Every structure is written in structure tokens, then in C-alpha cells.
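Order as written gives the chain letters A, B and C; numbering starts at 1 within each chain.
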Amino acid sequence: MTPLARLIEAALFSAARPLTVEELGALDPDATTADVRVALEQVREHYDFEQHGIELVELAGGHQILTRAVHAAAIERAQFSVRAPKLTAAALETLAVIAYRQPVGRAEIEEIRGVSAGGVLRSLQERGLIEVVGRSEALGRPLLYGTAAAFLELLGLRDLADLPRADELTIALRPHHPEPEGADDAAAYVEAES
Amino acid sequence: MVVRDAPTTTLGAGPGFVVRLDAFSGPLDLLLHLLREEQLEISDIPIARIADQFLQAIGELGLNQAADYLDMASRLVRLKAQMLLPRRTDDEGWEDPRAELVRRLLEYQQIREIAIWLGRASERRAAQFARGYLPPPPVLPPPPLALDLLEMLRAIERVIAAIPSPVLHRVVARPLDVEQATRRIEGLLDERAEIGWLEALGERHSIVEVLSTLLALLELARRGVLRLTQHDPFSPMRILRDTTRPAH
Amino acid sequence: MTPLARLIEAALFSAARPLTVEELGALDPDATTADVRVALEQVREHYDFEQHGIELVELAGGHQILTRAVHAAAIERAQFSVRAPKLTAAALETLAVIAYRQPVGRAEIEEIRGVSAGGVLRSLQERGLIEVVGRSEALGRPLLYGTAAAFLELLGLRDLADLPRADELTIALRPHHPEPEGADDAAAYVEAES
């Protein structure tokens, strides 16, 4: 490994969170952004080529060293580490609405999910998965929510663009304020309910 | 959990019918489940049948305490009535009363699909561990302060709200604002399980405010969102979050 | 690396403390103590031979992967482990009063916030967010505070006019009515001026 790659490896180890290329650049005043990228690539390739038990992953806008998924079961069995608890359906659905509709207010989330959202919004906020990103101009100036940094970290995504695109979903994403759907189809089913 | 054991039992199967109460994440989820069980198209819901099954299901699942489910139940019953209204077969201006429900179901189904995707992504990520040992942080002069404009603005609003404003007294008779009082009480109950009458009343104690709050409390109590209690006769009223509501 | 060495590397990485040879044996029921020792040696030699930024050290009766000491200074300088401190709610609110009412005295700040402000004012002053801009003409001639340059810098505002006007906030700001300033402090300063 080159000296810069060694330094970057050490820094990624000691931070234990994703570090951006800019942050890593602060390690060496002489290193350009391009130098940092080359060094990161060297570390990544080394881990892969030499078949390390760890790998360099790109997530949440930065780079982080993580253990390979294949070792998770053995590590958990030996009780050295435990997996993060799964998110509840309510939390996942709320995150889904916020991720695709942000900035979005509580009323819209509740309208889409059909249930009140106060508790789940609070706990997502406490876990740093969502944050208040502004206020709506609507009456009462309700708070608007968006996803926060920990959201990408928890899901292992590089950025929001990693989320499935609308056309990749089996049910196509619909416009933000959809027209009442199915009005045209209705005539075909006039007899359905009698 | 999104990836969960789908309740496969047929509703109305009689005694011995057991479903986890948290099996459904809301009334739309339950509705989708019923449609799937009956292999029905979302775009053509036989409202009368589904409304009956929904009512039966929330009874059997013990969900009839939950305001969200009751709200949906009343919508379905209303839809059922609307569908029974006579109309001419050549009525071109007729709008299907089910359109809004269909739209919401499709939208919710899509959110469910995304939620499942997110659940899988988080499980993949959870199988990879970050470094467990964190070296003690170095002792260094503190880094520059982080000051956030939004935080600042919220502080400004808190301060301004605390200033007794004479401007408010010039406001001419306002109609009762039960909606705002409802939102305030619900907001307080989201944070704490129990609040006092004075807290529910908010900052300003005008006649209008007192009446709005009182009406909001009675309405919320009727809907089963909260319970009103007094420890002793004439003691201050306590407002309790109805704990029989399901956690979300 | 051998499969056992990979697994051991992942386990050591994910554990929060040094692991003993016996503990590491729990990772693989088929591995003997001797196998674990051989694998540990392989990991150690690999880190040394390939000039990694990390090393496998033996300490507290166990084994742990640590960053090499030579990188410590650069990593400390980059301050990855320290997050920028945030102001408390009390400090933010005090700052808010000063921003909108400046020049403003301590008594008025305390009247608005309903709590004593001495400590908060001192720490805001130490951080360079506020400064003394004069003295009131009121009894006791109390100090008047205003925001300092660092306040605008931190908020990314060009000047105070960039702050939202009172009527843009949810509740209208009371028109400034100069009350006898410092009435509470007065007793202490009876002799000060005349």
C-alpha cells in the first residue's frame, strides 16, 4: 500500500463511520481529491484481491470499512457483535413516504398510511433517520420532514438516487397530487354493486 | 416487520381464530389483505361485501378500539350506502364513489412495496458490522460551533410565543377553532401519556380558546383518542392518552 | 488469507474489545486452538508485510486490530471523532432575544425568557456570538448586548436584515416598548449614577 492508502485505512478504522473524500483529504494537506480517490480504490481492491474478511463500502456519501456479510452469522453466534434490530412496518412505511415525498408534512404521511404518525415520527427523529427540513406555508405552518444522514447509513445506500426509481416499481409512482383515480374505469363497473 | 407471517386464516372461521394484533400496520393494510384473500381487483371493489368483512375483521381482531380503523369502517359504510343509491344507467356525469378509496389503496400499495425494499436493504446492511472498538477521542480544543438557521428560527418562535402580545386583544370575535385545539391536544398526547387541563388550553386563555379546547376534548374523548378523568370531585381534570390505541 | 483468517479478521474488527484465542475458537467449531493461532499469525504478518495502516496487537490477554501509532497525529488533526458542539435551547433562545431586540439588557432578556440569564450570556460572550454594545440610560446603567460578527457567520447570513421579519414568523413580534430597563438590578446600583 502507498503511504496515503495506509493513512486512509487507519483513518477509516478509527472513525468507524462513513468518511467523505473531503474529510479524508484533511489527513494530508498535500493530497488532492484525485489522490484520495486513487488511494481509496487501492484499499478497496486490496481487500477484495487479498480476500480480507472486511471490505471498503461506499455509503451515505462516504466510505466505510465493514465486515463482509458472509461472516455475520458466525460473529453473532460467538456474541462479538449483534445485528441492528429490524425496523417495524410502521417505521419502514413512514420512511418510504418521507424518502419519496420529502419535504413532507405529518398530515400527508398520515393520509397516505391511514394511521396517525406522531409516535413513529418522533422515534425516527430520535434515531437520526429523519429530520425537520423546514415548515410548510400551509395553515399552522406544520413541520416538514426529510431523510437524515443515518437513513442512508442504516440502509447501506450511497445516496437517495440508489432508491428504486418509479419505473422499477411494479406499481408505478404517481404524481405528487394525483387526480381521483379510476373515474374513467367507473362506467365499466356500474353494475358491480347492485 | 414488513416481512412477516401474513395472517392466512379466513375471516369468520369461527372460534379459535387467532391473529396477532400488530399483524396489520393500519386500516389500509387490513383492507389490502381482505382484497388479496378474496382475490379481488383494487379497481373494482365490491364495497358492500368488503365493508361487511372489514367490520367483522376489526371486531374479531379486537381493533375496534382504534380510531384509525373505525374511521375507515365509517368511510366504507358510507361508500356502501352511496353505491346503493339509485342512478340512471346512462348517467354520464356519474362519478364512482369508490374512486378516492381506489386511489388511496394503490398509493398505499406502492408505499408498501417501497417499505419492503427498504426493509431488505436495511437487513443487508445489518449483516455487515462496523468497527466495534472506538478509540477514545483525542483531547483537543473544541471544534467550531455548529449553529443551524432552522434551529435558530425555532428558538426565535419559542421566544416570541412567550411574549404576551397586546396585539391579540384587538382581534375581533373569532369563530371557535376546534381543529387547532384538536391538533394541539393530539400533539401534547403524542409527547406524554397524561396532560392537565391548563396545558391542553395552551398559552392564551380567551373565552374562545377555552370553548374550543373543551369541544375538542369532548370530541376526542368520543372518538376514543383520550380519556378525561378527575381524581376527586371538583379536582383538576386530567387528560389521558387512550392506551388501548395501537402503537404505530 | 485463509477462510479462518478472514473470519477472525472480521470478528476482531467488529468486536469492541480484545478477543482471546479461546473466544475466537467459538467462531468455528471445527477450528482447534492451534488453527486459531496460525490464522492470527497470518493476519498479523499480512498487515506487516503488506504495509497496512493497521496492525494486530496482543494486549490485555487478547488480540485486537489497532491503527498504527505513526498515523495518530494526522488522524487527531483531522478530528473525525469529534462532532461540532451545538448550542443549548437556553442559549439559542437568549440569542434569539438579542438578535431581535438589540441593543438589549439582561433584565429584559430575563423578563422575556422567565429565567436568569447570567450564565448563558457569559458563555455566548465567550463564544464570540454576542458582545456588549453599550449601556442603558436606565437606572443602574446596565450593559446592553448585541450580536457579534460570528453570529451571522455561523448562520451564513450576510446581515441582520436577512433574519426573517417578525411578521414572517408565525406569531407577530410585539412592537418594542421601552420599559424601565434593569428595574430588578436597580437596587444593586443605586449609587452608581445620578
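Going forward, a contact is a pair of C-beta atoms (placed from the backbone, for glycine too) under 8 Å apart; a residue touches a chain by one contact, two chains touch by 3 or more.
All values derive from a computational prediction rather than experimental measurement.
Should one ask which of B-C and A-B has more C-beta pairs in contact, the pair is A-B. Using CA-based centroids throughout, the chain positioned farthest away from chain B is C.
Ranked by how close its C-alpha mean sits to the mean of all protein C-alpha atoms, the top chain is A. A separation of 25 Å divides the Cα centre of chain A from that of chain B. The mean-CA centres of chain B and chain C are about 35 angstrom from one another, to the nearest whole unit.
For chain C, residues that reach two or more other chains under the stated contact definition are 10, 13-16, 67, 81, 170.
Counting partners per residue, chain B has 129-132, 134-135 as the residues that reach two or more other chains. Against chain B, in their complex, chain A makes its touches with residues 13-14, 16-17, 55, 57, 59, 64-69, 72, 75, 80-81, 83-84, 86-90, 92-93, 95-97, 99-100, 111-120, 122, 132-134, 140, 153-157, 163-164, 169-174, 178, 180-183, 185-187, 189-190, 192-194.
Within the complex, the chain B residues that touch chain A are 1-2, 4, 25-29, 43-44, 46-48, 67-68, 72, 83-84, 89, 92, 94-96, 98-100, 102-104, 106-119, 121-132, 134-135, 150, 180, 183, 186-187, 190-191, 247-248. Partner chain C is touched in their complex by these residues of chain B: 129-135, 137-138, 140, 142-149, 151-167. Chain C contributes residues 1, 5-11, 13-16, 19, 23-24, 26-28, 46, 50-54, 65, 67-68, 71, 74-75, 77-78, 80-81, 170 to its touches with chain A in the complex.
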